[in-house]
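Each of the two complexes below includes chain A, the first together with chain B, the second together with chain C.
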Partner chain A sequence: MDGYIIETRQLTKVYGEQTAVNNVDLHIKPGRIYGLLGRNGVGKTTIMKMVLGLTPITSGEVDVFGKNIKGCEKRVYPRIGAIIETPGFYPNLTGTENLEIFAKLRGTTCPDAVKNALEIVGLPYKDKKLFSKYSLGMKQRLGIANAILHDPELLILDEPTNGLDPIGIAEVRNFIKDLSVVRGKTILISSHILSEVALLADDIGIIDHGVLLEENSLEELQKKNNKYIMLRVSDVPKAALILEQQFKLKDYSVQDDHVLRLYDTSLDMAAINKALMMQDIAVSGAQLCNDTLEDYFKKITGGEGIA
Partner chain B sequence: MKILIWAERKKLRRSKIVLTAVFATVMVAVIVFAQGQFVFNGSRYVDSAGWFMTTAQSLATFYVLPAVIALVGSYMICREEQEDTQKSLHMIPIDETRLTTAKMIVLLAFSVLIYLLLFVITFLCEVVLHFEALTAAMIFTFFKVYLLDGIGVFLAVAPIVALVAWIKKSYWLALVFAEIYSFTGLFVSMSSMLKTFYPITAAFNLSGYYEASTTQIIGSVISLILCGCLAVAILAGLKRRTH
Partner chain C sequence: MGVNSYLLAVLLVALLVILYLLSKLHRVREQLSIIRDALQDIKDGNLNRRVLTRKGDMTKQICYDLNAIAVSNQSRLIQQKQSEQAYKRLMTSLSHDVKTPLASLVGYLEAIENEIVVGEEKDKYVHVAMDKAHHLKSFVEALFEWVKLDGGEQLFHFELCDLNELSHDIVADWITTFESNNFEYEIDIPETEYNVRIDANAYTRILNNLFQNVIHHSGGSELFFKISENEEKATISVVDNGKGIPATELPHVFERMYQGDYSRSGKGNGLGLSIAKELVSIHGGTVSVSSVLTKGTTLTVTLPKAL
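Now for the complex of A and B:
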C-alpha cells in the first residue's frame, strides 16, 4: 500500500462505448491535499464516485486506507466526508435541521458538531432560512459542513468552490488548507480552476479525456516549467537570423510579430542587445520569464488552457 | 431504527404534502358535513347522532384518505432520490431496507393520526350538535373504528407504496393507483364475498364499520396481512437489488 490513503490501479470506467476513465493510477498521501485538475466532463467526478463505491468500477482497483474498497464501503465510510456533484438536502428544513438529521444518523457524539461545522463554513447556526431558499454558494457551504460534521480523516470534495463568490472561494480555500495543515486531514479535491488547485493542492493530478496525464507535487510541477527570456523586438525575422548566425542559437521560438522566446537563459543579453541594435533592430524589452502552470497544462493536454 | 424513525418524522416538518393531507382530511369533514344538511324524511342527515362520524370515515376511505396516505408514503420514499440525499445517506452508511422500513412505520403512524384527526373533527361536531345523545360506548366504538381504519388502510396501500419504492418513479403515480384502488372499493362493497377480501373494504370489516361474521373478519384480516406481506416481499426484493 506504500502508505497511501487512496491508491487506484488501472481504474477504468466505461459507459456503453465511451470510456470515461481510462487506466488511472492515483496515489494520495496522508495529510496532503491532492488536486485533481481537468476540464469539465473529463472524468473527475466519475473517479471520485468509483473511489467512494458510488458507481461500479468497470476494471481496476481502489484501495482506501490500505484496503480494497469493494465490499468494505460500510466500514470505510465513517472515516470519509464527501461532496459529490451538488449537495442534496431536504428543502423544507433549515441548514441546521438538515445537519442535525445527518449528525444523528451518523451517530456523531459531539454535541456541538453541527454548530462547529456551520461555524467553519461560515453559515449561521439555528438560522430560520430554509434550504430551498439557499443560494448556490450557501448550498455548497452546507455540503462542506455536512462532509466535515463527523470529523473524518479523509475528505473528498468535488468542485467545492462551485457557485461561490470570490470572497467565499478564498474562505473555503483557507479552511480547506487549515483542515489539512492544522488538523492533518487528507483531502482529495477536484477542480477545473487551475489557479484554485495551484493555490490549494500539495499534489496535483492532471486529467484529460479520462486519462491521468501527470501526477506530481506542485513543487515538482513548478520546477518542470520552462524558464526563458522574452525578447520584444521591432523585426522578428531579422532578429532571428542574427541570433542564429552570430550566437549559433537554435533553441528559441517566435511568439508573434514582435516577440521571441529564448530558452537558453545563460545568454549574454548585453551582447545580444548590442548586436541587434547594430543591425537597426529596436529592442523594446528583454525579460526573464517562467512558464505558468497554465502553460504547462496547455502543453501536456495539447489543447486549450483552463480557467 | 429509533433514530431512523426520528429522522423520518423530522424530515416531514413543514412538508407541503403533509399539509395537503391534513387539508384534504379537513375538507372531507367539511364536505360530509355539508352533505348532512340535506333533508330526508323531514330531518337533516346531520341531525341524527352518529351520522356524521359514520359517514365521514367511510366516504373518506372510498374517496380520499388511501390516496393521500399512499401519496405521503411514496413521497417519503421517492424524495431521497429526487432531492439527491440518497448519496449522503448511502455514505453514512444507511441500509436502504431499514430506511424504507422506518418510513413505513412513520407512514403507519401518519395513517392512524390522519384518521384520528378526522375522528376528532367529527367527534367535536357531534358534541356540539348532539351532546346529550352521545354515550361513552358510542364514542369508544367510533374511536375503535377510526383507529382500525387507519391501520387497515395503511396495510391496504402498503404494497402500492412499496411498489413505488421499487420502481422509483414519481410519487404522484401512487396517488393515481391508490385512488383507483380505493374507488373500486365502492363497487366491490356490493358483493359480500368480494368485500371480505378486497383490502380497502377488508379494512371496514376489521374496524367494525361493516357488520361481519367472525369468518369474514378473519378473511379480511388475512387479506390485509397478505397486503403487508406483499409489501415486505417487495421491500426484501429491493434489499436484494441494492446488494
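Now for the complex of A and C:
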C-alpha cells in the first residue's frame, strides 16, 4: 500500500486566543510506528483528538486511510483503536468482563477477540481480579488491550508508558513494537521522553508550541547522532595502511572505494591529513560527525530541549 | 365483529413482522456494503483490513472467515518481508566486514611489492598481512557455517552423553587460552553424572563461541563458568567482569553480524553468538544475556534434560 495512513494538512486548533496546534502537516506511513515527540502541553494530545474527532478542528484537514474523514466517520473509526488519557472501565468488573462489554458494543473480528487481546498485552484471561484492584501498569495494559480488541489497522496511543515503572515501560514498549513488526499495524504514539521514542519509533515528528518542527525517520535522525570522522581519500588501501602503521588505528571501517570512517573522534586530524598527503594520497574531504540526538533536539527546539 | 377484530389483529402482527424483517434487511444490507468495501480494500493489498461483526449478525461467520484469511495471508507476507530484510542487512554488513580487512590487506601487500618497506619492517608487514588473511579466512568459514545452519542443511547426531564430563573436557582445552589472554577463571561443574541427549560437536561449538566472545569482546579479566542442573534442565552460565553491554544493544547481541559499537574494531566476526543461539535452539534450549555496564556480562544457556 502506498500513500499515508494519516495525513493532515494545515491542521490548526485555536482555543480562545491561544493557538494550540498551528498548521501541522503530519505524514504517517503504513506499517510504521510514528512518534510524536514534544514536552507536555505542546499540542500532541490535541492533534490526536482532532484525528479521532474527539474535538472539533478549527481549520485544516485530516485524511485517514487516504480519505477525508469528514462524512465517513462511521466507516473510519471502527478501523482505529485508541487510548487518549485514562481509559474508562467499570471498577467493579474484572478485566475480561470489561473487555467483553466493549466487544459486544463495538463488534469483533474473530471469536476469541477478548482472549487474544489480553494475551498480546500479557494479562490473564478470565482472571477474577476486579479492575478497581488493578495496578497502574495493569490498567494501562487493559487500556491497550481495549484499543486492539477489534484488531484495528491504526492505533493511536497517547503517552502509553506514562506513569509506568521501568520494567513496565520495557514490556509495553515490546508489545507495541510487536504489534507493528509482527502484525503490521500502523501506530501513532506520543511521548515527552526522547529516549523512549528513539527506542520505539520508526518515524518521528517533533512538536513545540503547537508547531511541527521536524518530521523524519529515526534512521535519518540517527545519522546526525553518530560520532565519527568521515574521510574521503583517493586510495583507501594505502590510507588504511598509514592509519594502522603510523597512528596505530584499528577502529575504522571502509565504506566504499573512497570513504573511510574513523570512530575515534579525538584523533588529530591535521596530523592524519599531513601524513596522508606525504604519501601522495589526496584527501578530498574530512568531516567530523559529532552530534547527539539530544543536542540536535535542543538545537531545533530552540535550546530548551526535550528531557 | 369478532371476525373483524380478529383480522385486524392478524394484520397488525403481519405489519410488525414486515417492519422487523425490513429493519433486518436494512441491517444485512449495511453489513454487506461494509464487507464489500473491506473486500475491495483487501483486494487492493491492504491485508490489515478487518470486518467487525456483532453477536447475532447473519453475516457473522462470513466476517470471521474473511478476517481469518486476511490475518493468515498478512502474517505470511510479513514473515517473507522480514526474511528479505534480514538477508539484505546481512549482505550490507557482510560487504563492510569483508571490505575493511581486505582494504588494509591490499595496503600492506602493495607496500611490500613496491618495496616501500625493506628488511625487518618488511617481515613485520608480511606477518600483519598474514594475520589479516587468516582473519578473513576464519570469517568466511564462520559465515558458511552460519548459512548452513540457517538453511537447515547441517546434520546432527544426538547421543546420550554426560554433560558434566563433556563440559569438563571442553573447558580444559581452554585453560591455556584463558591464561595467555590474562584471564583469571573459576570453573564450577558438578561432579555428578548428568546425561542429556546432545550433539557433542555442536555443544563444543556453543561453549567455544561463548568463551571466544568473552575473550574478544568483554574487555574483562575474570571469567566464571558454572553449570547447575535439576530434573528438567541444565543451566550453563558464562560470566565476565568486562565493560558490559548497553541496554539498547542487549536485544541484538544474538543477531547475526551484530557487533556493538564497542567491539567493531576488535577481532571476531559477529557470528559467534548467533551460531551459538542457533545450535542451542536446535537442542530445544534457550540462550539469554544480562549485563551491567562496567560490571560485566552474563550469558546463560539452558538445555532441557529430556529432548
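Note that the second predicted complex is superposed on the first by the 236 of 307 C-alpha atoms of A that agree within 3 Å, B and C clash if a C-alpha of one lies under 4 Å from a C-alpha of the other, contacts with A are read in each partner's own complex, and residues count from 1 in each chain.
Heads up, the rule we're going with is that a contact is a pair of C-beta atoms (placed from the backbone, for glycine too) under 8 Å apart; a residue touches a chain by one contact, two chains touch by 3 or more.
Keep in mind that this is a model prediction, so the values were computed, not measured.
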| item | value |
| --- | --- |
| Touching partner for A:L130 - first (chain B), second (chain C), both, neither | first |
| First (chain B), second (chain C), both or neither touched by A:Y228 | neither |
| Chain touching more of chain A, residue-wise (chain B, chain C) | C |
| Which superposed partner A:R79 touches (first chain B, second chain C, both, neither) | second |
| First, second, both or neither for A:Y34, with chain B first and chain C second | neither |
| First, second, both or neither for A:Y296, with chain B first and chain C second | neither |
| Chain B versus chain C as contact partner of A:L52, first or second or both or neither | first |
| Chain B versus chain C as contact partner of A:N146, first or second or both or neither | first |
| First (chain B), second (chain C), both or neither touched by A:Y90 | first |
| Partner chain(s) touched by A:R106 [first = chain B, second = chain C, both, neither] | both |
| Chain B/chain C common contact set on chain A | 78, 104, 106-107 |
| In the complex, chain B residues that touch chain A | 3-4, 6-7, 10-11, 13-16, 79, 83-94 |
| Contacting residues of chain A [partner chain B, same complex] | 52, 54, 73-74, 77-78, 80, 82, 84-93, 97, 100-102, 104-107, 130, 146 |
| For the chain A and chain C complex, residues of the former touching the latter | 1, 30, 75, 78-79, 104, 106-111, 150-153, 181-186, 199, 236-242, 244, 250-255, 263 |
| Residues of chain C defined as touching chain A within the complex | 34, 37, 44-55, 57, 63-64, 67-68, 71, 74-75, 77-78, 82, 96, 99-100, 103-108, 110-111, 128, 248, 261, 264-266 |
